[in-house]
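Shared between the two complexes below is subunit A, which pairs with subunit B and subunit C, respectively.
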Partner chain A sequence: MNLAAHLPALQVVLPLAAAPLAVLLRGRGAAFMLVTLAAWAAFAVSILLWLQVNASGPISYALGSWAPPWGIEYRVDSLSALLLMLVCGIAAVVLPYARASIERELRQDVHYLFYAMFALCLAGLAGIAITGDAFNLFVFLEISSLSSYVLIALGRDRRALVAAYQYLIMGTIGATFIVVGVGLLYLKTGTLNLADMGVRLQEMTSHRPVLAALAFLTVGISLKLALFPLHQWLPNAYAYAPSAVSAFLAATATKVSVYALLRFYFSVFGETAVFKRLPMEDLMLILALAGMFVASAVAIFQHDLKRLFAYSSVAQVGYIVLGISFDSVTGLTATIAHLVNHAVTKGGLFLLLGAVMAGMGGTTLARVHGIGRVMPLTAFGIVLCGLGLIGVPGTAGFVSKWYLILAALEKGQWWLVFLIVASSLLAVAYVWRFVEAAYFHAPRADLAAVREAPAGLAIPAWTLVGATIWFGLDTSVTVGSAARAAAMLLGTGAP
Partner chain B sequence: MTRDMVLRVVAKLLIPFILLFALYVQFHGDFGPGGGFQAGVILAAAMVFYAVIFGLDNARKVLPDRLVETMVAAGVLLYLGVGAAGLLLGGNFLDYFVLAADPVAGQHRGIFWIELGVAITVCGVMLKVFYLFAGRGPEEEQ
Partner chain C sequence: MSEWLVHPGLVLVLGAFALPWLHGGARSAAVLALPLAALVCLWQLPEGARWQTAWLGYELAPLSVDKLSRLFATIFALMACGGGLFALRQTSRLEIPAAYVYAGSAIGVALAGDLVTVFVFWELMAVGSTLVLWSAGTKTAWAASRRYVMIHLLGGVVLFAGVTGHLLDAGDAAFVRMAPDSVAHWLILIGFLINAGAPPLSAWLPDAYPEASWSGTVFLSAFTTKTAVYVLLRGFPGTEFLVWIGLFMVFYGIVYALLENDMRRILAYSIVNQVGFMIAGIGIGTEMALNGAAAHAFTHIVYKALLLMSAGAVLAATGRRKCSELGGLFHSMPLTTICGTIGALAISSFPLTSGFVSKSMVTQAAIDGHLTWVWLALAAASAGVFLHAGIKFPWFVFFQKDSGLRPGDPPASMRWAMIAFAFLCIALGVWPEPLYRLLPYAVDYVPYTAAHVLTQLQLLLFSGLAFFAMLPWLKRTPTLTLDVDWLWRRPLPALARAAARNFGRLRDGAAVRAGSLAGRVSAGLRRHREPDGLFLRSWPTGGMALWTMTMLLAWLVLYYLP
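Our next item is the complex of A and B:
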């Protein structure tokens, strides 16, 4: 058995097997060790796959040795390799943090179930990114969604139950739309393999069922990726979930949905069908701009930091979709690079908010007054990530906004440059709300003796803060991979 | 309902046949409609029937909570084990062709174990859900 040839299967199987084993072991220490090891192994596998794809092109793996398009194919190309590395990397960082974090936030008898659900969620998200089969993609989407509803419902706040229920309803509607879309495509093409579908659809892109499928998939996936105005589930879900879950979902769940959208638009329907014959460019541009401005404006008026940065996530999804709406290599490069950059920044931010929760007992702005004095490192980390969200040079956010602006200029839409800068000013406003509370107020009397977060929380959080700065200075991995993936999607470069 | 003679006798008469029918559906899935999912649901239905007539405590004596939770995990592991067996015998993941000398026999063997795994997990999940709902006392609802 040559293990290297089976890496695509292991990518999903490792976390998937860790989940039932964690349930069988029951011990929270054993479950933690097992799931963390599985996540690290999955991260190693994803790096190997990324290297392999860069060296020798896309990898195809036939599950059960049934050759595609008949069997289920796992397909790793430059876009999915980057997504896999992102999802597994974030999981590998969040899991060590989760141990110290859920110790404070969750009842001890549900810890092993938390780890099992986390492993399932990771398996589902990795599965979406790796599969080359439309129905398999739907199944993995359900695995990741169902486990994330459970993870959110575990939150200490009782409102977590309502938030999870709201997400469940919205997510199920989204999943239903997606499966209707996939069903229509299957009806027209007789295949479920995404690449095969793409070939067969070329002659029939103006047929009614295909257009209906495009509409269903667009709405369904937009619900999952929280595109304005379908984002209603997101702020509560992120705000009331356990801290480790907020960080993991904020960094990966919406990003993987964006991947699914890119996959359907560019690999299945084809760029001409979506953008040249339909007014999708304008539609996505308007929704992206609305998201950027409305969500940022709403974020400014939040009283809870977790909700504030959850609304900021909706705004950042706006930037990601804005890149898609340009329908150019530069635009897609910005989109894909921002997937990674925003994931790292927002992941680090939510991990730090978990440390704030542990220290100050809550994340409302009134409670974190003077946190710059009692928890200086954590507060500084949040400010650094905030600068990343604004897009200050030297942070990852700057790189993606730079490419967005380049893409806008390429199209001659100079007015968009002003809008991108203007929405960044809104980000300055909501980050300033934290800065003001942290550095210009005295800490509450009962919270003046709070100490800095323990190393178990600080080290994973600072790993992601460090990555935010690193990706702002060295863009070879993020923008390099993103440019290759964008060229592949638009068919202008090697796959 | 413990004093209701007719219900208890009918339940005792029916449950063995329900279990037998579940096994039929399980093994006939290879040739016609049926399979692990349906068989698992029928098995769980037999247990739910038992619990409704003879009480939740008796049902918990037959299939304790701990065992039900183990079933949920064990079925998935059996499924993954078949996949890993394909890997170890030199094929791809979930490759049934290599499970026996004759590829067609290998397909039969592979789907047999896969469906067994599905049945165990589905039955476990149905019972887990039933226990969770039925075990919710009035004091917990406040």
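Our next item is the complex of A and C:
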């Protein structure tokens, strides 16, 4: 049996199998080893897939040798390959961090459950990115969602339970909408294969169930990706979850939902007459702008760093959706590049906040006073990531904003350029709140003896901080892949 | 990159990060050595683009040298050195490193061969200068620095939008001559002009600079406006509209400086006035005028720094800034008086001082171009400069009535900095040849002809007479002068507060509950600071679900409409 031919299946099976095994093993050391190895192997697989896609085009894998459209197809193209690499890469970095982090934050007897849930979540997210089947996508969405509810509820803060419950309700509403949408599409087209669905929809003109399906899918996925004003579940979920979970979900969960939206919009509905006539772009534009400004403005007034940066995530989702609303290759390039860039930046940021949590015992602005003196490296890392969020040249955030601006200019919309840059000024304001607390106040007397974060927390965090800078300087992986994926989605280039 | 070359700007910027770790003699040595090292590096560089790199598909040349950039980089490095020497005894440990980041990035702008590099160093300059302002440590400096950084971030945003547009239009990042013919180029021009202190935002300059420490103002006076002059020289020479901007700035500076009572605000307004001369020269755009603008920037940095050093020495010794509270200091501060007077003579373009050999080139270019009105205005303004800076500053601070203050001359480091710059002022005036050789175009101009000297002396004589004849009206009372900055210091915040109050009232009525989204958003914004503000509080699950349904309905309705 040729292993290379089965890489797409391995991508999902590795973490999926690791989860029950971790429960069976029970020991937290063994569970950690197993899940980490699975995540690293999955990362390696995703890199191999990415290389293979770059070299020889998209890969279609028929699960159980049932040929599509009857069987479930796993389909890896330039977009899903990038997403897989992102999700598995973040997991590979976060897991070693999680070991040091949950020692401090979780009871020891639930550690093996944490690892099992983490593996499930990873399997679900990777599955969404790889599957070419609409119902399979829904199943993986549920796997990742259910496991993330548990992961959030593990948080030490008692508010974590409420946050997880709210996320559960909202996530379930979203999932219901998605399944209603998928069901309607299945009724109309008689197929669940995404590519096949797209072909069959082209033959139909305005059919109301198709429109309803589009509406249900849009709202359902918008909820999962925290598009303003459906973002309210997000800040609490990120703020009260264990640090490693905050980092992993902030970096991947919303991004994979964006992927699902792109898939449905461009691979399924993209070529249909229905889609071209709808005022979808204007709606997306308005919601994206509202998200960028309202969420950034709200972030400025937060007292807790985790909530502050959670709101900043909502604002950054606004940028991502803004790129979609342009409906052009440059716009989608910006979206996909920002997907990766923001994931890396925000992931690094939440990992550093976990280190702050470990050192200072909390992440409220009042508590981190003077952190620039007691934990200089961590504070500096947060500032670097903050610069990335603002979009300072030399950081990853700049590159994607750059393409966003290019896309706006292509459409001749100067006013949008101003809005994009002006919203960056709001980001300056909220990052400044951290800088002011960290460098212009003396540390609290009881926290003056705090030491720098241990290597187990610092090394993974700085890996992502380094990536933030790296992707700001060398854009061949991010923008290169994003441009290919965007051309593929719009059908203007080689897949 | 064929050979290893050091970027002089980065020498200063990176060196600045080492300074906070040094103490005592080592620190003093480093403070003086860094700018000199940058200067040496600069003169090692052969002309042409030295570093080349690609970024996002654009060719960048972050280090490229020609005569114009070398001239500006040289004076920036000299200025950093003189300022560093003057500020050696500054107690704030932040100020010199910040100033070196500031100076280094100014050099970076001067040596940038592409617009992206210009933008990066431009923003770094804004950061450095804001830190210099802060390090004064007073409450007013803190407030001023916040206003300052907002204006400069705004300028940066405008510049960035322009640069992006230019890259798209031209497909090339090279920093070459442009004309204001497209939106992008207009935005770049506006971004440059904001830093130059051009109307209508000139007021940021006299608002911010006088609030820095006694040594901070010396640094601030040199870099921001002069890099703006440099980029205008390179990017927009011969843009006619700049002549009028420049003339406006010239007279704006004179009028406000004459009304002003604070000695350092007088000098700050006079920066706007002097930069106005340079911008008018750039607008005229002949080789003579551009040479004149470049030379004037060079000499201006030296004498304005000298003037602000003497003002700084007075401030450090007496703690007073207002002309009405100073006077008669020549008794006990003879050296400061002499240096301040030399600076004042230079700014008035007295023959045998540096101002004479540079400013006269701009006025001469106006004559050669048959721009009679421009020439008349510039000549009148020269008289005005003598009034406000040439006589008014030294007269009210060092002479006039005796205020009874008897502070001594400043410590050695400050004395030597002043002496060195005073020497430069005279030397450049007596031997202009070395400066002329540095200028971007060949100089065919002899400053010391009988006609030039006589015209200038007459002008100065009569304006001097006018000053003393009108002395009773010029006596400063401790008043405040209103400027445009008042708009963003008072009415704007008041307007915001009033708006917030009114929205609050609206919110109380039941109308808003069913009312427009705009009303709700503004009410929510008003309540931001409260933990239960509209967007700030955690929403109940039901509320979230309601939103979801609303969204679904909205989408469905919108989909069915077409």
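By definition in this document, the second predicted complex is superposed on the first by the 489 of 495 C-alpha atoms of A that agree within 3 Å, B and C clash if a C-alpha of one lies under 4 Å from a C-alpha of the other, contacts with A are read in each partner's own complex, and residues count from 1 in each chain.
Please note the rule applied: contacts are C-beta pairs under 8 Å (C-beta built on N, C-alpha and C of every residue); 3 or more make two chains touch, one makes a residue touch a chain.
What you see is a predicted model, and the numbers here were worked out from it, not measured in a lab.
**Q** Between subunit B and subunit C, whom does A:Ala212 touch in the aligned arrangement: first, second, both, or neither?
**A** second
**Q** One more residue to check, A:Phe350. First (subunit B), second (subunit C), both or neither?
**A** neither
**Q** For A:Phe418, decide between first (touching subunit B), second (touching subunit C), both and neither.
**A** second
**Q** After superposition on the shared chain, which partner residues are touched by A:Ser222: those of subunit B (first), subunit C (second), both, or neither?
**A** second
**Q** By the touch definition at the top of the document, which applies to A:Val294: first (subunit B), second (subunit C), both, or neither?
**A** second
**Q** Figure out whether A:Leu21 sits in contact with subunit B (first) or subunit C (second), or with both, or with neither.
**A** A:Leu21: touches subunit B, not subunit C.
**Q** In the overlay, work out which of subunit B or subunit C sits against more residues of subunit A.
**A** C
**Q** Taking the two structures together, which residues of subunit A meet both subunit B and subunit C?
**A** none
**Q** Give the list of subunit A residues in touch with subunit B in this complex.
**A** Touching subunit B from subunit A are residues 1, 6, 9, 13, 16-17, 19-21, 23-24, 61-65.
**Q** Flag every residue of subunit A that touches subunit C in the complex, lowest number first.
**A** 165-166, 169-170, 173-174, 177, 208, 211-212, 214-216, 218-219, 222-223, 229-230, 232-233, 235-236, 277-279, 283, 294-295, 297-298, 300-303, 392-394, 399, 402, 405-406, 409-410, 414, 417-418, 421-422, 424-425, 428, 473, 475, 479
**Q** Within their complex, state which residues of subunit C touch subunit A.
**A** Its residues touching subunit A are 55-56, 116, 119-120, 123, 153, 157, 160-161, 164-165, 168, 183, 521, 525, 528-529, 531, 533, 535-536, 538-539, 541, 543-545, 547-548, 551-552, 555-556, 558-560, 562.
**Q** For subunit B, which residues are in contact with subunit A within the complex?
**A** For this pair, the touching residues of subunit B are 69-70, 72-74, 76-77, 80, 83-84, 86-88, 90-98.
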